[in-house]
Structures are given as C-alpha cells and as structure tokens.
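Two complexes come next, and they have one chain in common, chain A, joined by chain B in the first and chain C in the second.
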Partner chain A sequence: MSKSDSYEDIVKTRREENFAEFQDEHHGIMHRFQHTLHVTPALVPLIVLVLSIVIFGALLGSRFFSPFALTLILQQVQIVGIVAAAQSLIILTAGIDLSVGAITVISSVIMGQMTFRYGIPPAISVVIGLAFGTLCGALNGLLISRMKLPPFIVTLGTWQIILATNYLYSRNETIRAQDIEANAPLLQFMGTKFQLGGAVFTFGVVFMIVLMLLMAWVLRHTAWGRHVYAVGDDPEAAQLSGVNVKATIMSVYMIAGLICAFAGWALIGRLGSVSPTSAYEANIESITAVVIGGISLFGGRGSILGALFGALIVGVFTLGLRLLGADAQWTYFFIGVLIIAAVAVDQWIRKVSA
Partner chain B sequence: MKKFLAVSALALSATAGAAFAQDDVTACIVTKTDTNPFFVKMREGAASKAEELGINLMTFAGKYDGDHESQAQAIETCIASGAKGILLTASDTSSIVSSVKQAQDAGAIVIALDTPLDPASAANATFATDNFKAGELIGQWAKAKLGDAAADAKIAFLDLNVSQPTVGVLRDQGFMQGFGIDIKDPARYGDEDDPRIVGHDVTQGNEEGGRKAMENLLAQDPMINVVYTINEPAAAGAYEALKSLGREKDVLIVSVDGGCPGVQNIADGVIGATSQQYPLEMASKGIEAIAQYAKDGTLPQPTEGKDFFDTGVTLVTDQPVEGVESIDAAKGLDICWG
Partner chain C sequence: MTTPILSAKNLVKRYGRVTALDHCDFELMPGEIMAVIGDNGAGKSTLIKALSGAVVPEEGEVYLDGKRVNFTAPTDARDAGIETVYQTLAMSPALSIADNMFMGREIRKPGLMGKVFRQLDRKAMEDFARQKLSDLGLMTIQNINQAVETLSGGQRQGVAVARAAAFGSKVIILDEPTAALGVKESRRVLELIQDVRDRGIPIILISHNMPHVFELADRVHIHRLGRRLCVIKPQDYSMSDAVAFMTGAKEPEQQDA
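On to the complex of A and B.
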C-alpha cells in the first residue's frame, strides 16, 4: 500500500513540474507573473495593501505613517478581521455565511448577561458564550450538510433568527463599560493594551493575527485543511476520494461559529461595554474583506491570509481618507471599486490554468 | 313593515356606530424600530395611556432604522383597521408624507413624535424635543465650564450619519450656537470655519461607531479637549477611545438623550453633561390628543412660538455652572428612560 502511494506521489509531482515548465517556456514575463500570483493567492492583496500604505503615507506624512496610526488601523479592523477568518473557511467550501455578525453579537451579549443577569463567574460566562457561538454554527452546518439546503438561504434565515433572539433576550439593553470593569474585568480581557514604542496593541489584535497564521498553517498542512479545499473545489470528487464531505462542512461551520464567538469576546474588549446593536454589518464587511483578499467565492481557491490583508486594506482606506478630510462616502466608493477590481484580477489569474 | 325595518336598521347602525366611536377608538403607533430603548419607552408610554383611556392600541415598527417600507405598510394597515389617529416616528420624513396624506383622507389624524415630517406641516401635530435647544444647553454648559479656555478649545463633533438627518443637524448646530461658534447655514454642518473645530465624523449612534469616530478625529488632532456626541452610546464609545490614550480625565464629553445608562455615566463622570428628553411624555400626550380628537374633533395646539408641541428638555449634570439651569444625575435617574 505504502509503496503504491508513494508511486502516485511521484507521478503527481512530475506532472506538475512538466506543466509549469511548459507554461514558462512559451510565455513572457507577464505570464510568469500571472503564474506566481496563481500559486500564491495572497500576493495580490499584499501588494495592494503595501501600495495603499505607501500612497497614503506619501500624501499624509507622519500623521498616517506613524506607529500610532498604523496600529490604530489594526485595532479598528480586529473584529472584522476575526470574523473574516470564519468567513474565509466557509467561502473556501463554496459556502457563504450571512449570520456571522449576528453570532458575534449574540455571543458577546450572552457572555455579558450570564454574568450580570445570573451572577455566573465571568470565566464560565465566556465559555458559555463560546459554546453558544459554536452551537449557532452547528445549526447552520446541520441544515447545510444534512438537509442539503443552500448556505445562502440557511444563513439568511439564521441571521434574522439569531439577531431577533439577540434583541429580545438582551431587551436591547447595554451593559455599561464601568460596570463590567468593576465586576467582571475578564470580559474586557481582549481589550488589554500593551505598547511597543509608539505602537499600541491589544490582545484582540494579537488574537486576530495569531488566529490567521494558525488557520493558514492548518489549512495548508493538515488533512482537515486539505479536505476543506477539496470539498470547496469539487465535493463529488472529494467524496469519491474518501473525504467525509458532510463531516467536513459540519466542522467548518462549527469552527466558524466558535471564531465568531471569539470575535464577540474581542468586541467587548474593544467597546468596553456589551451593546446588542454592534457588529450589525460584520457579515457584509467580512465578505468584502474575503473578496478583496482574493478568495474565490466559487470555493476551493485562495489563502486565508488574503482575508487579513483584505480587512487591512479596507482599514487603511477608511482611516487614510478620513485623515485626508474626505467625505465618508468616498470610503464606500473606493471599497466598491476594490471589490470589482479584486474579482477582475481573480478572473485574469484563473486564465493561467485554462 | 319595510319602512319599520329600514328605520330600525338605521337605528341599529347608528347605535352601533356610536358604540364604536365611544368604546372602540383605535389608535396606532409606528416607530422606527422596536429594539431601541427610546422607542420601547415610547411604546410603553402610549400603551399605558391607551389602557387608561380605553383606547385600542396597535403597535408597529420598522425592522431597522431607516426601514421606510415597513412603516408605509403599517400606515396602510392602520387605515384598513379604521384607526382614529396615528403616532409616527418617521424613518424617511419626506417619503412617508404620501402615506400620511392617505391616512388623513381616511379620517385619521397623524401626529409626528420625536421626528418632524418634511414638511413639518404634513402632520396634524408634532410632539417632539426641541433638538436645537438640547444642543444649545450642552454648548452653553461646555462654554461656561471651560471659562477662558473656551477661546482656544479643540472640539470634535461625533454626529449620526453621513446623510445629516434633521435631528443630528439641529443638535450639532445647537451645540455650536450655545458654545459661541458662527454656524453659517443652520440647515447643515461642516460649512463652519471656526478654527476650534477639529472635525466631524459619524457614529451611527452606537458605541462601536463612537469609538471609531473618536479615534479617527484623535489621529487628526490628539489635543482635542471637547467632544460633542449625538447620543450617549456614542459618548460611551468616545470615552473608551480616550481612555485607551489615557486622555479620559482631561476631555469634556457632552451628549443628548437622557437614557438611564447615559445618566448613570453622568454620575460616574464619563459624560460631563447631557440634555435629557422625554419619549414617554411624547407618546402619552399623543394618545391624549387622539382621544380628544375622537371625542370632539379638536386638534392639539403647538407650543407658543414654535411649530411643534415641545415636550421639554432638561440639562443633567453633576457639575452645574452659572447661568445654565440643570438637574443632578440622581434626579435625572428618577425620570430617565430605557
């Protein structure tokens, strides 16, 4: 068995080598560049990110190009960044999740209310909140993998259900930052700051970056990670090659729910308070980050680090344009342009394999 | 026989009609959302007054702030149910006017609560907070509190959203007037050239937006020392941003609303002063007006010198200043909403 396995491996790698050589011989530099982009999908958003930082830096000087302003961007995108990690996983399986923002906010509300309404110790409240987020994800996963309902419809429904539950359960009451600080500082843990020079980081920001790196590693180097790509690329082929498609989809939605619940915890750190009206647009913002990050909405292609860069690009444009004194509408205008450009570039790169 | 039948039928319908008018006055309340505590309180005020006066109350709300379609549908439902009056906080103040007209043609009075229609005269009456006055009070307070330092204050404005809705403009411009800034065109903000203004940014009226907007303005000028906020959740967000820079003690934050968490924040020194408004009052006054109209057809009269019925606004602060009337946070907590 092991012999035949390694035999196949050799064939595979050989074929790939031939394929690449063939392309390189017959096309110019442009094509080689296209090929490089094809094999490292996070490269395009990274280039755009660096370029936009350089351009805004040139226009604004030290006001923008300072450790303070640049780490401020990290703080402002941390929630969307974390949620985008969840969204990336789902989009890699060719799904979509509209309920991510709702799961985020209800998890934060549950963490707060468990402590302040029922007097449960904050550490346990956080665990309950995380478990609840995972449960919401499991509900999505169950409907999608077992009942075979389309992810868009399922999460369109659960988005409304979870959001309504959030408003009803919380009575739309905010838990004040001062009360949390006095009675349950653990809830604000993710907001803890530390400084390196003029740069200000919070645990939430660190969590976002570590999560992204961890997920990137898991997706690339574990069997589960390869299954996620396989299921997104072609579920039937994956099934025939022995991948448990249902279990993979189920696990992806559950992990996404858990990540959203962590985003809810980070949200408390960021706001200080527990506010049921937060993260209202997190679903659209996370999809935006994922698309700008070059992950294909058709599934199976893209790097989760791209989503991090995508979120950061949006953050850079938002702060940069505000510092330039532009009307806030221009931010939305340019984000729209970026989305379309990202998809156009994606189509162009895809031609390398055609 | 035929004549007798006709007469008795007429009498029957007349008594039924009379009974309907007396016992079964139907009123509607249509709010922007039913999640914001401000509107929740408004609905509660309307419900308890309606019960007291024996009025049958139907409640409707948009799904989110700005949901015009649900509100238009709600008004159609009210017309169909033969409502005598409709209390309305409009999401889209000009588009809703055609629906309002339909209701009036069907014999109902429409009272705008909190948010005047565009034009304001499209409603039979408006019961609202004087938002310009609300802004003016906190502006005057901030100016007096700073004393001589007011001449070189650095002020951040945390407004509602990019479309500059009337309520946001009135509060913003009121604050400027109270603080002694030349407001130029009172119908919009952003056209002033007073060097003390650092900038305007939008918050969507919540903590998340308040924090982000404050961070953006601090990146423009870290020496901001006065912050005007559209409401108390935005103020709480701004405070978090200031706290992360260690600036929370030397910046004056003022706000508008008077919700219970906001007034509690006054007591805790997070917000310096806030202008408290009274949604419960608006709604219960509105129900009384509908009952009155159903009884004898009289319409409520606007407050003298204004084009709406002013339900009052009070400055709440624990640091009173000379020349601006105020109540303290303890008193404010007794009468707060939400």
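On to the complex of A and C.
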C-alpha cells in the first residue's frame, strides 16, 4: 500500500475505545419520561384513562364512581373493544381494516339466519358464523398479501361488498330478541350477566378482557407476535431476516376476521336481537380506540392493551358527559381532540434522540 | 488447490431488458476474505443476492462445499450456514437487540409452554445475544432489550455483524459494512471483520472503499458488466489498477488467482 493510501493510520492507533458502548444515558426528567413511554407505549392511554375516571368521578361523585356505572362502561365498549383487538393486529402490520364492522354484523346475521331460516342447531350456527368471519378476513388477507393491493383500498371495497351482502342476504330483516330467547338462547350467550358486588359483568365483557390479555401475551411471547411487529416495522428487513411476510399478513387478517365474528356473537348478546343495521360504525370506532391507545398507524409500534384503554377512554367520556347532561356532540368534540393529541404524543415518542 | 467452500458457475439474471448477471462465475476459498468490487450497476448486489438466496438466478449453479444447492429464499441459505449482513442491515428498528438477533429463528421454551403455547425462551435468547456481543468485544451492554433504533450506526452494524457471526457456520456475506459509518466506527467494524475471519469463517466483502478492501481482503473479485472480470491479489496491484479494471480503463493480462 502506498503512502498516500494510509490516511486512516492515524485512527488505527489514536482513537477512543468507547464506540460500541451501550449505555442507558438519560438527560433530565423529560428524556427519562420519553424513554419510559418508548418502552411501555400503553402507559399514555392508561394515564389518560385513570385521569379521566378521576376527573369524572370528582365531578359526578358516586353517580359515576360506582361499580355499577364503571361496569356499565365495560358493557358499552365490549363490541368496540373486541373489534379494536382485531384492528390493533392489523394496524401493527401497518395495515388498516375498514371492513371490521361489516364482518362483525354479517357474522351475527349468519349465526341468526342459519338457526332461524335453515333450522341448524345454534351451536353449529355459531361455528358457521365464526368460520364465515375468518373467511372474510382471508379474502382481505389474500388481496393484500398476494396481490399486493393497499389495505385501505382492499378493505374499502370489502366493507361495501360485505355490508351489501349482509343486507341482501338478511333481506334487511331483524330477528327478534324474544324469538332468540325462546328458541336459541345460545346465540345470546355472550350477553349473560353475572354480578360481583354491585358490579355487573357479561360474558362478552369477560371475553373482551381475556382476549386482550391473551393477544398481549401472544404478541410479546411468541415468534408469531414478534413477526407481526417486524412486518409492520419494516417488511423488507423482516423478509431478509427470514420472516414469512406473506403468511404473517395472511394470518393477521384471518385472525382479525375471526375476532370480528366473535364480536358479532357478542353483538347478539348485547342487543338481544340480530339486526343487520347494527355495528356498522365499528370500523371507525375501532380505529379511534386503537389510535387513542397509542398504536402507531405506521405499524410496528404500540401495545394491544393500549387499544383496550383507548376503547375505555371513549366509553368513560361518553358516559361521563352524558351523566353531566352535556350535549352528545361534546363527546365527539373531545374524542377528536384526543385522537390528535394521541398522534402528536406518538410522534414525540418516536423521536428518539441519541 | 483446495476446493472452494462456495462457488457459482454461469449465473444469469435479467431484470426486464437489463442483464444484471451475465454468465457470472464466483469462487470463495475456505478461511479467506474475498472482496467483491465493481462499478455501480455492475451487478455486485445481484451476485450477492443470488448467493444468499434473495434472488433466484435464471441459469447457473451454486455449490456449497462442493454440493449443488438451490436457494429459493434467504432462509434456505441461512439454514445452509450462509449469513448475510445487508447494506440496509435488515433490522426492525422498534424491536430490541435480542429480538432482532433471533428474528426468524426464535428459541422456544422447553416443555409444555414452548410446544403447546409456543412461548419464547426470552432468557435464553437474551443470554445468547449478550454472549455473542461480548465475544466480539461489543460490550458493555447494559440493556439487551434496548430498541435497535436507539443505537448509533456503528452499534447497529456491530449487532448485525454479531448476528451473522453467531449463526453463520459456513460463509458470511457483508454488503458495504462501512458505507454509512464514520472513520472511527469503520475501523472498529473492520477489526470485527478480522476477528470473525480469525475464527475461520470465510467472508465475502462487498465494498466501494478501496483502502478497506486492500487492507482486509486476501483476494479481490473484480466485477464488470455482470460478470467476473478477474480475481487479483491486493499485494500484486495498486488501488488505481483495481479501479482501472473495474471501470474498463485497463484490461487485466490474465486470470492470475
């Protein structure tokens, strides 16, 4: 090597050896706070949830701060909460699913119609409904993972298709609650109530909480869960590190479809009846819960428990403002503020300065 | 002469009308650092991707240890013991160091929790990751669960090299490992590469940085117009000769390595 080539010799001998040290350095309280939030993203919505319960509790006293009222919130958010679990999975892969509400309602309609139009035993009808929801998810997954169409467009299309199919197939008929109660009580199973002290729970609420905890565990402690995050973070990198990106996306949409079908079952329990015009707003409401819950719309970041907190925050505001006698529009007003604040906080957390 | 550990014959790959690999040959001997240099668009990346399974060549054969192999995915090459550190590093920034090291080859817990519930053995993975990083002197890691995005460029490269060194039993491919790094960080990574070679694992090094290539490589594969132009020994030629070969300003006399 000629002399002119050895310009790097100086750093071979004279350099500081601290290049690859991994030290947790913290500069001040804000930085530490930011780091904590970065590591546990569900913390922000949890703080907001606790604060909003405390504030409404202070304003309303025991009317709000009672086991009955607080568990009423759980019952009111159960459908959105279950659907939000499905939406979280999809948003973690940097996708979005606008068809979740439609899948929910068509699954409930199929469970009802199978029983009442064809006389199939309710247990089998429920299984058929769950299978149909999974199938709808599989259709989304196929179009997104194999045909590489953008999730927004695919689910915008399937939302309309599934919803239209729902109205055509059900002939826009509602199955009355009394009929279900008399002939197929299993369909209302998720609505079964039980009491603990003054608190009233339904199996649907229990299902929502168990589902959230289960998914949180799966996402954190299984290879599949880590792959969901990796695919949402950087699909190229995930592919090169040996993750089967297509299969992961496919499985996410199928599981989301299945969860929505369970939400459809819970919907029968909540309403008592099977109505083809219900739950159509669950898509926007679930996205709201997920965003307020601090899951990044860009994928790969956030905790599914955040979505549960997000759904509960919406429930607390809805009930709290109604008990305060405020116009219902104030609820939407504050939800709008919360959505924007949540995304702003997300951006701030992602700014990880060295 | 010993048999090459990894070799390729007559590889062809076209992208539409562009021929990225034009009947290209390649040979890597055991225990050596083979640098691959070439002008932009000469087909270096495609050659590397063909060897690492990220691209499936239309024609030609790849041999590992003298046996014919057919890689259709990066995981195939990995299972065969070929690890690649891509220029983009192929890491998920939001996930931890340990998560990234084990991406796609996670360790499950033994017994019921692992088999039925498929629970990951986090402790084993973290211990292994910590061990491998300290083997390569990338230590004082206090938090192996730190997100990769909180690391500097050199640290990320270090983690990526450590991942390759930990799992690559046959060959390690490094694509532009120093391109994005400062001078000091580059030096550290170059030392890492030599450490890995000293453990007996042969390395394919793709680089634009001639001083780095001439310092590290045992032999240099010069790639031009989608094929191997020649293989030279760095002590026989100057850097300007190498640049002249790869740009076509000068023709090599003979295949001499």
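In this text, the second predicted complex is superposed on the first by the 326 of 354 C-alpha atoms of A that agree within 3 Å, B and C clash if a C-alpha of one lies under 4 Å from a C-alpha of the other, contacts with A are read in each partner's own complex, and residues count from 1 in each chain.
Here is the rule we go by: a residue touches a chain if its C-beta (ideal position, glycine included) is under 8 Å from a C-beta of that chain, and two chains touch if they have at least 3 such contacts.
Only a predicted model underlies this, so the values are computations on that prediction, with no experimental measurement involved.
Within the superposed three-chain model, A:G141 lies out of touch with both chain B and chain C [touch as defined at top]. With both structures placed on the common chain, the touch criterion links A:G293 to neither chain B nor chain C.
Residue contacts after overlaying the shared chain place A:R322 against chain B, while chain C stays out of touching range. Judged by the touch definition given at the top, the superposed model places A:G204 against neither chain B nor chain C. Contacts of A:A238 after superposition on the shared chain: chain C is touched, whereas chain B is not. Once the two complexes are laid over each other on the shared chain, residue contacts for A:Q76 go to chain B alone; chain C is not touched. Shared-chain residue A:G133: touches no atom of chain B or chain C. With both structures placed on the common chain, the touch criterion links A:P45 to neither chain B nor chain C. Residue ranges of chain A in contact with chain B, taken from their complex: 63, 68-69, 72, 75-76, 167, 171-174, 176-178, 193, 200, 267, 270-273, 275-279, 319, 322-323, 325, 327-329.
Residues 54, 74-75, 78, 84, 86, 88-95, 99-100, 103-106, 108, 117-120, 122, 137-143, 146-147, 149-152, 154-155, 158, 183-188, 210-211, 214-215, 238-239 of chain C are the ones touching chain A in the complex.
Listed in rising order, the residues of chain A touching chain C in the complex are 1-2, 5-8, 11-12, 15-16, 19-24, 38-39, 221-224, 226-227, 229-230, 233-234, 236-243, 300-301, 352, 354.
Partner chain A is touched in their complex by these residues of chain B: 35-37, 40, 162, 199, 201-202, 206-208, 211-212, 215-216, 219-220, 233, 236-237, 239-240, 243-244, 261, 264-265, 268, 270, 338.
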